[in-house]
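Before I ask anything, let me first share the structure, which is written out below as structure tokens.
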Amino acid sequence: MRWRRGSQFATAGMAILALVACGGSSGGGGGTTALNIAFLPKAVNNPYFDVAASGGQEAATALSGQFKQVGPSEATGAAQIPFIQTLTQQNVSAIVVSADDPDAIAPALKQAMAKGIKVVGYDSSPAKDARNVFINQADSKGIGVVQVQMVCDEIPGCAGEIAVLSATSTATNQNAWIQAMKDELASNSKYAGLKLVKVAYGNDDPQTSTTEAQALLTSYPNLKGIISPTTVGISAAAQVLKQTGKAGKVQLTGLGTPNLMRAFVKDGTCKEFALWNVKDLGYLAYYTAALLVQGKIKGNPGEKFTAGRLGDYTIDPNGVVLLGPPFVFKADNIDQLNF
Amino acid sequence: MSTLALALSRRWESLLVILLVAFIVLGSSLSPFFLSGSNFSDLTSNLMEKAIMALPLALIIIAGEIDLSVESMLGLASALLGFTYALGWPLWLDIPLVLVAGATGGLLNGLLVTRAGLPSLVVTLGTLALYRGLASVVLGPRSVSGWPQWFTDFGFGDVPGTLIPWPLLVFAVLALAFLFVLNRTWIGRQIYAIGKNKEAARYSGIDVAKMKTFLFILSGVLSALAGVILTARFSSARADNGQGFVLDVVTSVLLGGVNIFGGEGTIVGVVLAIFVIGVLRNGLTLADVSPDTQSVAVGALLILSVAGPTLVRRISAARPRRQLTKPVSNS
Amino acid sequence: MVGRRLETLFPKEHATIGEVALEVRGLARKGVFSDVSFQVRHGEIVGLAGLVGAGRTEVARVLFGIDRADAGEVLVAGKRADINSPKDAMRLGIVYVPEDRHEQGLVLDFSIAANVSLPIVQKLSRLLVVDRAQERRLAADYSKQLQVRSTGVDQTASGLSGGNQQKVVIAKWLATRPTVLLLDEPTQGVDIGAKAEVHRIISQLAAQGMAIVLISSELLEVLGMADRIVVLHEGRVAAEFGRDNASQERIMAAATGHAEA
Amino acid sequence: MSAQAIDSPSNSALAGRLGLERTLTLVARLREAGILLVLLAVVVIVTIQAPLFFSVSNFEQILLNVSLIAIVAVGQTTVVLTRNVDLSVGSVVGLVAFASGDLLKEHTLGVAGAIAVGCALGLGLGALNGLIVAVARVPAIVATLGTLYVYRGLDFLIAGGKQVSAIDLPHDYLGIASSSVLGIPTLIVAAALIAVVAAYLLRNSGVGRQLYAIGSNPAAAEVVGIPTQRLIFGAFVVCGLCAGVAGVLWGSRFGSVNALAASGLELQVIAAVVVGGVNIFGGSGTVVGAVLGAILLATIENALRILHLSEFWLLAIDGAIILLAVGTDAAIRGYFQRILVRTGRR
């Protein structure tokens, strides 16, 4: 009597296994030449990536291709894997991905590339062998140098304790910029007076970034400056400085979007901050992916191509395309740009 | 098991088979890419960690207790695996160590519930926070990668020549073992007795405390095993691995027909429910519905799978009692 | 019932009284009962009488390993026994038919066979698998022996009458082949007909050499069934009577603490 | 026939229970004093290690962090008193925070309107919890585990990846968090007010005492004619309302809100309630205890930061504290029960 009911499990189990076993890779050949390109940022509810997506959309309409953006709600590395698998199933022609944990998503991206789907990194690069090309908004060294330089200009006498409020600890771009800052602080005698006391992680979440910023102020009472190379972190830090009345006493700089930081630049909480044209980053990433899909470029080092309104670009020896130099926003020029 | 309970569970299982087919139809209508072997392979491989944790949890709930700490033990196991691997210790040493850590965590749950007599709900709510906290203490925000090829292939790859993910084999063996133990052995008989009437079980010479502690240890070990498999699949050990899994694991047990008050439930039902939730989530994912929004459906399923039977029981109780065939004179 | 002679009410078979099966010396549990001593011989029925709350069930719980004694000792067949759990008691041949059938005696959702085999289900298994055939045979034998009226050993216990449920609980413990049987209010909440059958079973078991402790608040039942009667009052042994010099008045006097000398 | 003395178990249990009742409130008083002692100890130890801990601005910072958790803890206390638990409070706060923030961002409602809608939404979500638990008779742990994910999922649905940033919010809404009344930040005053009102109602009103009765012995309460299910429903509504109030103030406090706001808050709140002496077995504990529990946890969190200990220990400490508090609860309860059983010997 017992085994008869067990057989019910057997039939259901067999149905699943049969489907799985005989299905074969009926998913069909890799992405077709139609431009069905998907953006996969570290997390969807982040204004920085929304601006990049608007650039991607602009390029899509220019090339009459399709654009969509999917992604996890929380910037935890492994959360992107199911999305890559789904996009592979959906047979998109290219995936434009900003990697939160470059190694975690490597196997899934390789599986997509094996099916002929083009993979373009933007903002934060996946592992080198898990993408065709990486669009770097600015070279890490350049970003590290400019941020140290800005905090030095802001702090009277360019001396004292400074701290970094980063995003997640695994993000390649964040770690590259922080390393560049450390190298610059160590090597350049101009910054001998500055001492980096702590690197805190806000996980690109407003709430965590706020509590971490507060913690920096309470734990290091004579902190002189905070560098936050992430749009979520810098606006949270600005809010905390204003609320605790420490604006002006503790300097703030980093990477932020003009819209978010406009009020804080105007009231002096944050004298200056840098960034790049995020919209152009999205535009260039989509454009490069489209050219790869149409076979116009292969993604080999040294290849030259024109990316629509942005002009000419070349792919450097390790498959990276540089958007351009970082752009410093100050009170006088912050109104010119709107994103 | 009484004939009534058997009939009830068989009816519940056929309901699940219908639900499974319905969601497969829903999935294929939502996206053309749903009905493909490789999609089912992906769907299954995303499911195995939760499925492995649902088996011991089913026994625990049948025995009248609950374990909410499973997802945190998974995270702690992943963090410990990463920590020891980063120290350079070989995997054949790290994995057993991590399973022992899982057993220890399960033992703590078991002792607090059976020796200190605390309700398992609160104990495992405490250890849900404690183990997740310890995981972030062990590994902090770091993530450990660079795993050997065979390890990540096991987690992410399929059995050569087929579309069967390796972890599915592990789960299939475990599911058959649990089916056998619960249905055919004295251990299963004692678990049902404890769940249906703890006092009568104790007065029949069953060591209720020892059995429950054993079940909590089993849950700890298998949660740790799930942690190892997830680390392999993501090829990255992190303290926040497995966050949010508790919803799907508890739902697949209760949707599987296990009674929240203990004493009733079958492994067949739980396995069917695991795939029902897996197919539902995969169908919605292919339709670009975000995982968090999908949880609205799974959360509703959880509530219905418990509210349903209680409402049915109360409605049937409210109807005037038909004269039973044999007059029961319970003087 | 008035005036009928005791013998016709309680079918007491003649049993040869054998060796001391169970001896209790100075058993005590803080604040519950203290200095309880008595003996039970094979084939003998010892009645434990007293008002509710006198601590009789508590004594039985200690003898069966549910609770632990704070002082005193228990000797089984003359040897000192350390009972820390029901499993220890069962191994020593001591079993306990509890006062609350539904809460402690039976798993109502289980079949008769599953209930009867529960205490020894591990012994009935080979390579972990429960031998269902042997389980059903065992249940069928004891059902026949105790005349349990049911539609078969697969019927769920909840469908049985109170009397038949009590017989299944007794069958469950007989299946462990005990030497000492502790009965706690065995005929409470059972119809008249079944009550007589339970009494018949008890006296038959005694006749076959079982040592029985009968806890009962029914004076007639104690007088009718027991060979010796121990009366407890507020956790202490108030008096002990042989079958012939016991009477309702004497027992009630002892039970309420007015024992003569 | 049988000379059986009538001694139904419930009479002696009820008498035992009322005795137990007085002792458990005594225990609650002891617990509150206990927390104050621990709080004092922590303050003293940390001040020795890091003097700057002992400053008005730091204490203000601690109380500011505590205020929102304390408001939610008040609601959670009413539920735990009835021997239930509400795991969905984190999601209710998150959903209300985003909804009210979005209403303000799109200028559909003024600040007062947004606050009213936020509280109403919290109340509604609490009522839904109450329906599932009290009417559909689903155990609270399962019901609120389900709604934790349902409400969080709805949060993501309406947020759709959008975020409400500080610049989108009207100035006077943001002002709530940074303003102060007679020198004390408004958030702290609001939390204190809610706690005092709730404490008064729970201790002195008829409904309050009935909640205690339900928690300590549901069967006895039913027998005495207390409308148990209706009161449990009410407790969940109050809990939802408190979470709604905290949700409305969330945006003002943190400046920007996304769909992840307040996720995981439920563990912090339950830790505060349990460490505050609200007995997980229901029937005892006070709102004041819960608020003190929240303050103790926030002080420990602040101390960790000041002492530069890694804040990763926080979640582990929350977990350990839940186990410790419940363990001592059970020990105290067991001790008193043994005494009562022993005197009224069965």
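By written order: A, B, C and D. Residues from 1 in each chain.
As a convention for this text, contacts are C-beta pairs under 8 Å (C-beta built on N, C-alpha and C of every residue); 3 or more make two chains touch, one makes a residue touch a chain.
Everything numeric in this text was worked out from a predicted model, so none of it was measured.
A count of C-beta contacts for the chain pairs B-C and A-D puts B-C on top. Taking the mean of each chain's C-alpha atoms, the chain closest to the overall C-alpha centroid is B. Of all chains, the one whose Cα centroid sits at the greatest distance from that of subunit C is A. Centroid to centroid, with C-alpha atoms defining each point, subunit C and subunit D lie 51 Å apart.
Centre to centre, using the average C-alpha position, subunit B and subunit C are separated by 43 Å.
For the pair subunit A and subunit C, the distance between C-alpha centroids works out to 76 Å.
Averaged C-alpha coordinates give centres for subunit A and subunit D that are 38 Å from one another. Shared contact sites, meaning residues of subunit D that touch two or more other chains, fall at 156, 259. Among all residues of subunit A, those that touch two or more other chains are 44, 73. On subunit D, the positions that touch subunit B within their shared complex are 85, 132, 136-139, 141-143, 145-150, 152-157, 259, 267, 270-271, 274, 280-281, 310, 312-320, 322-323, 326-327, 330, 334. Those residues of subunit A that touch subunit D in the complex are listed here as 44-47, 50, 73-74, 205-207, 210-211, 214-215, 218-219, 221, 235-236, 239, 243, 259-260, 262-263. Interface residues of subunit B facing subunit D in the complex, by the touch rule stated above, are 66, 68, 112, 116-119, 121-123, 125-134, 136-137, 140, 239, 244, 246-247, 250-251, 254, 260-261, 290, 292-300, 302-303, 306-307, 310-311, 314.
Looking at the complex, you find that subunit B touches subunit C at residues 1-5, 181, 184-187, 189-190, 192-193, 196-197, 199-207, 263, 326, 328-331. On subunit C, the positions that touch subunit B within their shared complex are 64, 66, 85-87, 89-90, 96, 98, 103-111, 114, 118-119, 121-122, 124-125, 128-130, 151, 154, 156, 158-159, 161-162, 172, 189-191.
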